[in-house]
Amino acid sequence: MQVNGYKPLIVAFCCNWCSYAGADLAGNNRLSYPADVKIIRVPCSCRVNPMFILRAFQRGADGVIICGCHPGDCHYTSGNYYTRRRMAMLFSMLDYLGIERERTRVEWVSAAEGAKFAATMNDFAEKVAALGENKRLEDLRCKQ
Amino acid sequence: MQRIGVFVCWCGSNIAATVDVEAVSEALKLEPGVVFSTNYQYMCSQAGQNIIKDAIAEHKLTGIVVCSCSPRMHEATFRKTAAAAGLNPYMVEIANIREQCSWVHKDVPTGTEKAIILGKAAVAKVNLNAPLIPGETPVTKRALVIGGGIAGIQTALDIADAGFPVDIVEKKPTIGGKMSQLDKTFPTLDCAACILTPKMVDVAQHENIRIFSYSEVEDVKGFVGNFDVTIKKHARYVNEAACTGCGACTEKCPQKKVPNEFNLGMDNRRAIYIPFAQAVPKVATIDPNYCNMLKNGKCGVCAKVCAAGAIDYTQKDEYIQEKYGAIVVATGFNPISMDKFDEFAYNQSKDVITSLEFERLTNAAGPTAGKLLRPSDGKHPHTIVFVQCVGSRCDAKAEKGKEYCSKICCMYTAKHAMLVKDKYPDVDVYVFYIDVRTPGKNFDEFYRRAVEEYGVHYVKGMVGKVVPEGDVLKVQASDLIANKQLHIDADLVVLAAAIEPDKSARPLATKLTASMDTNDFFTEAHPKLRPVESPTAGVFLSGACQGPKDIPETVSQAGAAASKVIGLLAKDKLTGNPCIAHSDEMMCNGCSTCERVCPYGAITYMDKEFRMPDRTTAIRRVASVNPAVCQGCGACTVACPSGAMNLRGFSTQQIMAEVDAICK
Amino acid sequence: MQAITREQLINKAVALLADGTVKYVLGWKKGEFDYDITPAVFETAEELNADFVWNDFCGANFSKYLVAKTRKLDGKILVFLKPCDTYSFNQLLTEHRFDRDKVYAVGIPCNGMADIAKVKEVCGDGISSIATEGDALAVTTIYDDEPVKVAVESVLAERCLNCKSKKHVAYDELMGEDGDTLDSNRFDEVAKLEAMTPDERFAFWQNELSRCIRCNACRDVCPACTCEKCVFDNPTSGVENKAPANSFEEKMFHIIRAFHVAGRCTDCGECSRVCPQNIPLHLLNRKFIKDINEFYGEYQAGAEVGSRAPLVNYTTEDLEPGEVFDRRDTNA
Amino acid sequence: MRKCSLDSLNAVFAKIAEAAELYLPVNCTDGSAAFSKWEEGKEWSNNLNTVKSPKEFFFPQTEDLVAFKTSGKNIEIIDTRKEREDFVVFGVRACDVKAFEVLDNVFLLKEPYDSYYTNRREHGVIISVACNRPADTCFCKTFGIDPADPQGDISVWKTADSLYWQANTERGAALLEKIADLTEDCDTAAVDAEKEKITKIMSKLPLANLTTEGWGAGKTQELFDSPIWAEMSEACLGCGTCTFVCPTCQCYDIKDFNTGKGVVRFRCWDSCMYSDFTKMSAGQPRLSQKERFRQRFMHKLVYYPENNNGLFSCVGCGRCVAKCPISMNIAKVMKKIGGKENE
Amino acid sequence: MSSNKKFLQEELTRMSGVNPKKCMKCGKCSGTCPAYDEMEYHPHQFVSMVESGDIEPLLNSKSLYRCLTCFACVDRCPRGVEPAKLVEAVRLVAVRKQGANHMTANDVPAMLDDDIPQQAIVSAFRKYTK
């Protein structure tokens, strides 16, 4: 994925039960999405600590997306509800600090939604690529 | 420092076609901790696994990374491989370079570059892995079956026959479920009661089975092998032990105008009733909504006529606590409401009925004693129109019905048509269908018999509207083959209503922490390989609560669920998932934040004396995780501000190492 | 001028010491000047009479001290709590951070505390004495012969200008009159920032946070930051960092700190009071409070003991993270 | 002695900035002052002091020491040091100038010299300025510092309309030479009058009578176990404000930052008030806040003078007095010992 | 399929917002259609023919002007296909062609009749003309 010649780096945290399986399904169905998206498997979206997200930006990520089960479908019943609150708050704060809101996203992708997974990643990668390099949450030491 | 081995799988050409596996294994050789790296056509094959085993021995590996297909596919395989070679199975990490790399990317440079990065992340993670040993918990050797239809009955019988005690919780006053309401069963046309009631009797008489009828599951705590369940037994105002089921009360009760739900409201019962003759338990139940004695204290006829003295107007709801090792959900289905289908005039005419109502209408024990009579005027119908797919196979956006095929309608409609023609050859029978779906043993033959032997008119097309006019129902429909619009004056219209999970399923799923799909069917742990297990350990699925099913399928799934339960209860101990939360007591604030987010109540607190950094001692409140209860979601790890809570197998440090590796 | 006098407080403390209710008194101790007041533990009437002060500069929130003090001290401790302090007190109790049985809490009314920096803006540096005269402060400097009179109202600390409550939500005993919770304008500044463009907001925070010297005063004074060990001090946490080596780390620290106290922060304002660089840190915390109120319903941390903080709670109908922005954009 | 009018100040700054980077205190948005690189339009702050001391110019809060790059299993060591450009710091107060002497004793006394510090020291010219309006928190006099007569490469006095310049070193003289066009020769009368005024003010300051009595070399045994430490440290939050605003605190920690592609080894200010200060594998040597609190003041007032010919490592700038969140400070500590312990 | 057909097909689906692929060929639209017998091509055929690109016969069919736009088919379609909207779209394509108006102003006086509300004629005129 390139927009204006910029190839973004995207970290996707995927819950083991739904979204990671959704990503697998996208693979099974050979639905392509940009290779810039790198998936990290977590047991549940609620395992994603805001520190991981900031860490990713620090280390050079241009976008971070968190994927979990649809609300109500959490394997652990309530994990994604916590994720929803935590990330709503975190994203709001990042926006408050003037960080581009398009760089972060939460998306609910079920194990059956391989197509949605691919479509989401395509869309997200495109939006992030359009923003260009992450300048507002970067650590230059990591870019040398 | 770990000694890590990297094993890159070609997966034939599945990976190797888009990923330069050689380049990946070479690149990963340079990663910190990696002492050995190789690639092979099929790592999951015996030969591939031997490569791993040999390398573990030869290079004294402490951790391995397999770059292969999804961990959901072969993580367990490679963990076993590692264990066989004497390595802790949790020292294995999988880099998913097939589903999430080679299969989604087109060109080799891209695929290779990404595969290397995914490999690096796995290496970074395994560098921080520690051997994990699963905990063990005892198993309560008793099963709970929720729902007493044919699914629950069969499951309970199979488990009980294997020697384990089983409790059935049924919310109706009797077990039997939907099947007890059916007339005949396809494709053999044997009578439902004839094959079901012996099983109900078996249940009642089985020494290993207890029935909690007129009861519901109130609360579920605990976890696989150790569920604590509270069962709410509704007051039936009749002493079950004393009642002989003689039925004297049900004949003398003066309150005669209670719609009989067993006959779907097509006739009436008394306020005290036994749902049907073969009910199990055969015990009367007082309906508190209609009983004059309970409503205003005036009556008491039933108590007077009861020779056994079983009537007890003061009975209260009872709560029963019981421990179970396994829970089987068999909550079944219901036809959907026809309220949104005005075009079929269901609410306007008594002569438009659902198929389940039709079952009662042809049932010898039904409101018409098995005679096919119109509900409106009791006349014999001459033209009957069956409409298939009412509310099934609908677009989600139409918001009227269900997206799925209800699966059983084609067959029971053929059955109904045949039964009509069998009893009343003079009746014209039309069946409007979109597709006739008959995959099943002897199913298509059955349907063809209806057409060829009985002369049922099968019309490819759909009924557009039904208008009651005088004592006929004007049916307007399309015949797609003839490319005509048909206008039929029918006496009776039977709608094959879609079926949906019972309404009690959703709240039950919440109590069980079992997942459901958007249609409220319980989700199976794997659609193909684990079809009768819920993803929640220890919870199993039987019958239509998992998806639409006919009786043969339900019974076979019930048996399958039972065999899974038996397998579980046969174990003395369960080994748990070691990837669970744990708290660093020195870091813990005892603030209860983690406790509040834990969906399993796995976290408790205790006061402990600690030596503080300044050499003083202090009593501090600290969290402790019950390893048998924790399921490893990690909600607590983020809620914990001090980072005292961490998750084994997905530790903060491991995930950060992955982030770092991916982002570098 | 405060409604309760120093003498009344000393008498109360002395009486409670005398009848054995408490063994220690946590109070304000006079300093070199009339405004540099230090929290201290008093044990005798003599100490109290000599050094205890209560004036318009007693801003320090004592709640947090109870965590360490109740752990160490062998007897009950008297603590004086201003209305805003009682919220922190309750929040700490909710989190089981101190032993309630070892504390005797006396609620005292507060008319707002003066900010010495604001006094100096008016009177200049070189203050030699400050005396309270009714609702004004008489400030004498070495540069002026006559004391300058400053209305306390005009030099109130920001947090006191936007006081959320004059009501005590916890105490064993209340001195003076209890007040009510107030409708404050405390979210106005946040709303102003929200109304800016992202670029302006970024510039604003870049300017503010770039001054951070990571002295940790905000964290160390914060009654919500009572972790046994902060993740930023913990080498095994993966995010340890000691210095704001660059603008990322400044943001990281303050975002994560605000996130960790989100739903737990009572908006006591201590963080901004102690910041040597005058960074308006309360605007980060208030942003979260404002968001919580708007997204999940009004919630005041510490209003009652045992309440479930919004971030450890949920409803199935919560708004989606993406909707946060739609919501603001339509409001704006 | 040279003089220039205050009106021509901008031109003077411009001239200096032509020769070298010029830094001076400017007002921040919050009303405090901080050193900032001069450029057209930036004005010299009227504030007495900056929040952060100018020690940052020579000993920054964080600085990279060396970098390591890894490629495969090879490690390459990269010397990241660069020669500092010449720079001028204008507006340094007498106390802060004295603080450089304290730092020099740490970093430059004996070999091996601290090359990072040396590099900056060699390229920096310090222009001090006398304090017309000392604050209530000032107590430089306690340490023998005269704010009327500040040191540095150039000393500057400000009167109502003019600025008076006097070079104290060769580097200072060279710089004055560069702005000769904008300044004129003058006598010292105005400056002398200013000095007298300052001296008079100094005697009126609240802390004017604070002395180092009871402190200094050789006092370790006497003061170490004093009960005052427990009492004074009672309220200490253990934050690092005092150390980080202090012009003489020179402790640092060396840390490695893994960039993912290698390691940057950097040093950053550390605070003896922190619980992990000088933490080693065996733990930290000072376990309680009392011990850490004691360390800070004993170091400034006893250990340092013991090793540096009696020179105290406090210059009385008053920053910690103004900034401590709980208003505990060195002046209170000194008085407590000087008062009660020595009675 | 020829490019012209394909273009027309895309144009129709775009204009109508109807996705004919969603049709499961149950015929309920035609079963419910009150104008069925008036129409040469029935609602389900519209859907099917648009899907297969066989649009020319529809454009030339009087069926276009027999559809009452009563939306019964839209309401009752279990798949949410909305055939009436597709009929409408085909009609628009037809009348938008130069000289292809189904009604002209001259036709109107002959139609005036006390039994037909004038509004119906006006709306029909609007509907059948460009």
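For clarity, chains are labelled A, B, C, D and E in written order, and residue numbers in each chain start from 1.
Throughout what follows, a contact is a pair of C-beta atoms (placed from the backbone, for glycine too) under 8 Å apart; a residue touches a chain by one contact, two chains touch by 3 or more.
All of these numbers come straight from a predicted model, not from anything done at the bench.
Graph distance from chain C to chain E, where chains that touch are one step apart, equals 2. Taking the mean of all protein C-alpha atoms as the reference point, the chain centroid lying nearest to it belongs to A. Centroid distances built from C-alpha atoms place E farthest away from chain D. Judged by contacting C-beta pairs, the busier of the interfaces C-D and B-C is C-D. Separation between the centroids of chain D and chain E, computed from CA atoms only, is 87 Å. Here the spacing of chain B and chain D, counted between their Cα centres, is 72 Å. Between the Cα centres of chain A and chain D there is a gap of 46 Å.
Mean C-alpha positions place chain B and chain E at a centre distance of 45 Å. With touch defined as above, residues shared between interfaces to two or more other chains in chain A number as follows: 50-51, 55, 59-60, 72, 78, 82, 86, 141-142. Across the assembly, chain E contributes no residue in contact with two or more other chains.
The set of chain C residues that touch two or more partner chains comprises 231, 238-239, 245, 311-313.
Contacts between chains, counted with the stated touch criterion, involve the pairs A-B, A-C, A-D, B-C, B-D, B-E, C-D.
Across the complex, chain C meets chain B through its residues 71-72, 94-97, 226-231, 234, 236-239, 260-261, 308-309, 311-313. Residue ranges on chain E touching chain B, taken from their complex, read 22, 24-33, 36-37, 42, 44-45, 72, 75-81. Only residues 31-33, 35-41, 60, 65, 117, 121, 124-128, 141-143, 207-208, 211, 213-217, 219-221, 233, 235, 242-245, 270, 273-274, 276-279 of chain C touch chain D when the two sit together in their complex. Chain B meets chain C in the complex at residues 586-593, 596-597, 605, 616, 618-621, 639, 641-644, 652-653, 656.
Residue ranges of chain D in contact with chain C, taken from their complex: 28-32, 34, 48, 51-52, 61-62, 133-136, 201, 204-207, 231, 234-235, 237-241, 243-245, 253, 255, 257, 266, 268-271, 274-276, 321, 323-329, 331-332, 335.
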